[in-house]
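See the structures that follow.
Shared chain: chain A. Partners: chain B in the first complex, chain C in the second.
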Partner chain A sequence: MTQQETGAGGGEIKISARDVQVHYGDNHALRDVSVDIRDKMVTAFIGPSGCGKSTFLRCLNRMNDTIEDCRVEGDIRLDGEDIYAPEVDPVHLRARVGMVFQKPNPFPKSIYDNVAYGPRIHGLAKNKAELDEIVEKSLRRGAIWDEVKDRLDAPGTSLSGGQQQRLCIARAIATSPEVLLMDEPCSALDPIATAQIEELIDELRRQFCVVMVTHSMQQAARVSQRTAFFHLGQLVEYGETGQIFTNPSDPRTESYITGRIG
Partner chain B sequence: MTQSPPAERKVDWKDPQLAATLRARHARERRLKLLGLASLGAAFAMLFILLASLAASGYKAFVQTHVTMDFIISEQNVSPDKPEKGKYRKVVAESLQAVFPEVSRKEMRQLRKILSNGAQYMVRDAVVADPSLIGGVLRLTVPVSDPYDQLNKGEIDRATPEANRRLSDREIAWFDRLKEAGMISTPFNKALFLNADSRFPELAGLKGALWGSFYALLVCFLLSFPIGIGAAIYLEEFAPRNRFTDIIEVNINNLAAVPSVVFGLLALAVFLGWFNLPRSAAFVGGMTLALMTLPTIIIATRAALKAVPPSIREAALGLGASRQQVVFGHVLPLAMPGILTGTIIGLAQALGETAPLLLIGMNAFITSAPESAFEPATALPTQIFIWADSPERGFAARTSAAILVLLGFLIIMNLTAVILRRKFERKW
Partner chain C sequence: MQEQQHHIATAFDRDLEKIQALIMKMGGLVEVAIQQAARSLEERDVELAEKVRAADREIDALEEQINQEAARVIAIRAPTASDLRTVLSVMKIAANLERCGDYAKNLAKRTSVLVQAPPVGGTARSVRRLAQEVERMLKDVLDAFVRRDVELAEEVRLRDQEVDQMYNALFREFLTHMMEDPRNITPCMHLHFIAKNIERTGDHITNIAEQVIYMVTGEIPDEARPKGDRTPYAGSEEVRG
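Moving on, here comes the complex of A and B:
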């Protein structure tokens, strides 16, 4: 297993996973996944439906904890620190590892309250002015400030799908996470909104370690620097995006990207 | 894929057989619609018959025949020192004698029955409130007794032979004289709402039952709403799924189906028997009703919590909200319309519940409205039960009127449920 070392460049190793196993009851959903995810770049997980890529993504902020009879084994370290160690509080971890979901899911509250929610529950702002500043900065980074600055009191659910997803990204950014997990963030959006989100993701990698799951190989090719290919619960191949798409080393990867399996 | 695909089968969409099946499908749909309309129509017809028959028999109870006459308050009968101890029976008799001077002392006993038994107390209360009336004349409007009220409302047929009639010819003649003199009026029956129960229909009212129901429902709400929501939140959001919680779940669903009389027996044994709580009290009634309402609220709340989209939970969890913050900050507010609807429907059910209240004695004959939840009281449905059981003619109409009042409250509660639902419902 040398895949995790292939592909140089980018930042330092942010997340390192070793021999991760995930069971849903009797179903062994993910086996022996070892991967190093680097900071300040976009890592894409691709693979056919049910291959375990979303499952693995949800291990990285312990969202799988909320699913009953889901068992995670192995070792996942964020900055060298075991995130499944008993002293790690998942609530705290999820503030450091933000997540954006497949379907835009703003709270049925105002745009302002959506973004302010994270900072509020974690006590990141001392006063209203500071909170206003966090909200504005997050909305700017989410590339949606110009569209909503005049109607921060409007419900987040009144926005269009693409705007909602950017709002959700802004909401995730507001807690100043180190890692941003995105679970197929564009699959419910039209091509124009998708292009906007992709542009935003490219912008975000300057500050964050971005990990995204995607169904679209073109999207992985467009926005990611490194790509991991999952198949039947296993990590088949992991490397630089260019290399995966042009010169895959595993025949299964080749079959998938040329459209023969999937 | 080694074998070749099967040869393509041509479908002729103009085939008359296909057209026939299509027609049959449409016919089936039309039949279903017709059946639906018919059942709706039947339901509405039933409802209409119910309301119409109640209104037809109950509307008469909303007015009450009164007589306005002068009561002579002589110092002989009422001493100015103790106006509350006066001989008011005599005052009433003498005042009637003044209207009917030809009536003999013997007939007086009959004549006095034209006024409600409560008339003497009304005169007393007026005199006590204003002692300057002593030695003068008091003009007061008092209810007539039930047979005369029935006569005035046309319930007593003058064509019936005298022997089979509640009132004799002479009694009817007296009443007609009062009527000709313009002393009879039929105003709105305020007593129906301002009086508590009475042996005399013309004096009986729902005040005690309304207060009793109010206190019982208040206690029921205060107990079942927080406990029910708490139990539902724990079961739905925090409890592990294991055999123990499965058993609890099955039992809650079973409890919702337990006949209410069983809850009444339980309350009788536990609340009254063991804890020696007061009999007939609205507080105990409320606790009993809470036992019945709890499963309804728990089930409605759990369903409402389940209906909150998981994406909202994930969003909050993904931002690092704790389980409790997710539940109280996001899930519960979104589930509120469903919870409120379930609660109000549960309370409406409790409002109409009779059997458990009978067992804890809330069907007692109580002539004063309760001042608190711990005093003996009746409730609306038990009051209906008592009145329906009473032989006096006047109670028949009052029973229907009380049912109309109860239905009115039920409609108001259900409307509140709809309005609250509309108000709190959020779109996404």
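Moving on, here comes the complex of A and C:
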């Protein structure tokens, strides 16, 4: 197996992708992507707009299923199980592989109900007391409990942008997923809220496998342990974040991260 | 040699070019300092020695300026990859050049003392030859820096061995003079410090060569470089024999 496919060293392999191709109609958006994503660490996907990084992220919990002319080929395994196998229920898969989006998108419900929604539909709590416990635990892990504990009935949309994003992270954690996918989780936030989310992500990696797409290379450098660089639908380079940012091996990676025209 | 593309932010290119130009300026001043200090010694020119001592202030000020510019680039541009390595290398190269400047200044200081005694054989001439060799190494390593030429940097790095050997020969020459006539001891002690400092200058130039290699390739050369300095083991036979 090559360096590009595995990266070097680290935790156990959580997600393993081989020869993934994605087509949107006639557009071959992602070519031959093979990558092993490790557990209990943050993996960042970077690359210019349209490089396929978000497309690949969305393959990992079958969010692309919702796009009509999208075709995904290849092999993607979560703990060795093919997530595109016919018997896999995408809704169940998404409880195991949670997602946080670019713009905070709380449901138009109370803070409590935002977090309780997932556990309710997946029947994770036997009674009100158990649900209360899940909600509190999730809000604590989302680093927002202290700010909302006295107003759990207030609408989620009444919070600030950064708080809303942490609420969405708490909501994603509430179903006890194994993997958290984050698609530009800070791009709509100010620097302070961004720093709080980054601090939270660093906490979350103790329990989860975190995969994030970011346009901010400095953010990838700050929060991730491994970085994958995508360019024109291909995975160009994948490795330890420190190495990617001090001495990348591919000239295309070098051009992109140093802000040169690639 | 690798071709450098331009940054999308052209001001970033200008910042990096500016720092590199400052290194070339500083290196040029150090070259002149070594050359003039060695000449002042051989020609017993106190006025020239005085000039070298005064010029060191400008070298020190340039190091300060390079460090400030580098800190500014780190703060504002957050450089990565080869840009980051350039900024890191430039700071280390400036520190090494500053030491070389100090050694040249020290040579000039000792010249002022040495002219008060008669010359010791052809030693001043030999010291100047050593200085000329080191000065050529400096010129080449600066070329390697500005052209990002790893091969040339590697060649400079290996050439330090010759400097070590020339220094060994000088060491013996001084010993001989001191044993022949105790009145030579004072000037030979000064001359030996001078030679040792020039030899150390060669080591700093070797460090610069290694920084150039790191800047271009991302790797510090690790294999031990051949050492030619045998003086730590020399002397005992001569004294006893």
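Throughout what follows, the second predicted complex is superposed on the first by the 253 of 262 C-alpha atoms of A that agree within 3 Å, B and C clash if a C-alpha of one lies under 4 Å from a C-alpha of the other, contacts with A are read in each partner's own complex, and residues count from 1 in each chain.
The working rule: a contact is a pair of C-beta atoms (placed from the backbone, for glycine too) under 8 Å apart; a residue touches a chain by one contact, two chains touch by 3 or more.
All values derive from a computational prediction rather than experimental measurement.
With the two structures laid over each other on chain A, which partner does A:E68 touch: chain B (first), chain C (second), both, or neither?
Once the two structures are laid over each other on A, A:E68 reaches chain B alone.
Does chain C touch more residues of chain A than chain B does, or is it the other way round?
B
Just chain B (first), just chain C (second), both, or neither: which does A:Q218 touch?
So A:Q218 only meets chain C here.
Thinking of the overlay built on chain A, is A:F101 touched by chain B (first), by chain C (second), by both, or by neither?
A:F101: touches chain B, not chain C.
Check whether A:S160 is in contact with chain B, with chain C, with both or with neither, and answer first, second, both or neither.
Touch partners of A:S160: none, neither chain B nor chain C.
Looking at the overlay, what does A:V91 touch: chain B (first), chain C (second), both, or neither?
first
Answer with first, second, both or neither: which of chain B and chain C does A:G118 touch in the superposed model?
Once the two structures are laid over each other on A, A:G118 reaches chain B alone.
Which of the residues in chain C come into contact with chain A in the complex?
Those in contact with chain A are residues 5-9, 12, 78-85, 218-219.
Residue numbers of chain B touching chain A in their complex, please.
For this pair, the touching residues of chain B are 240-241, 309, 311-322, 325, 329-330, 334, 426-428.
For chain A, which residues are in contact with chain B within the complex?
For this pair, the touching residues of chain A are 61, 63, 66, 68, 91-95, 98-101, 103, 105-108, 117-118, 121-122, 157, 168, 171-172, 175.
Under the stated contact criterion, what part of chain A meets chain C in this complex?
On the chain A side, the touching residues are 217-218, 221, 245-248, 253-255, 257-261.
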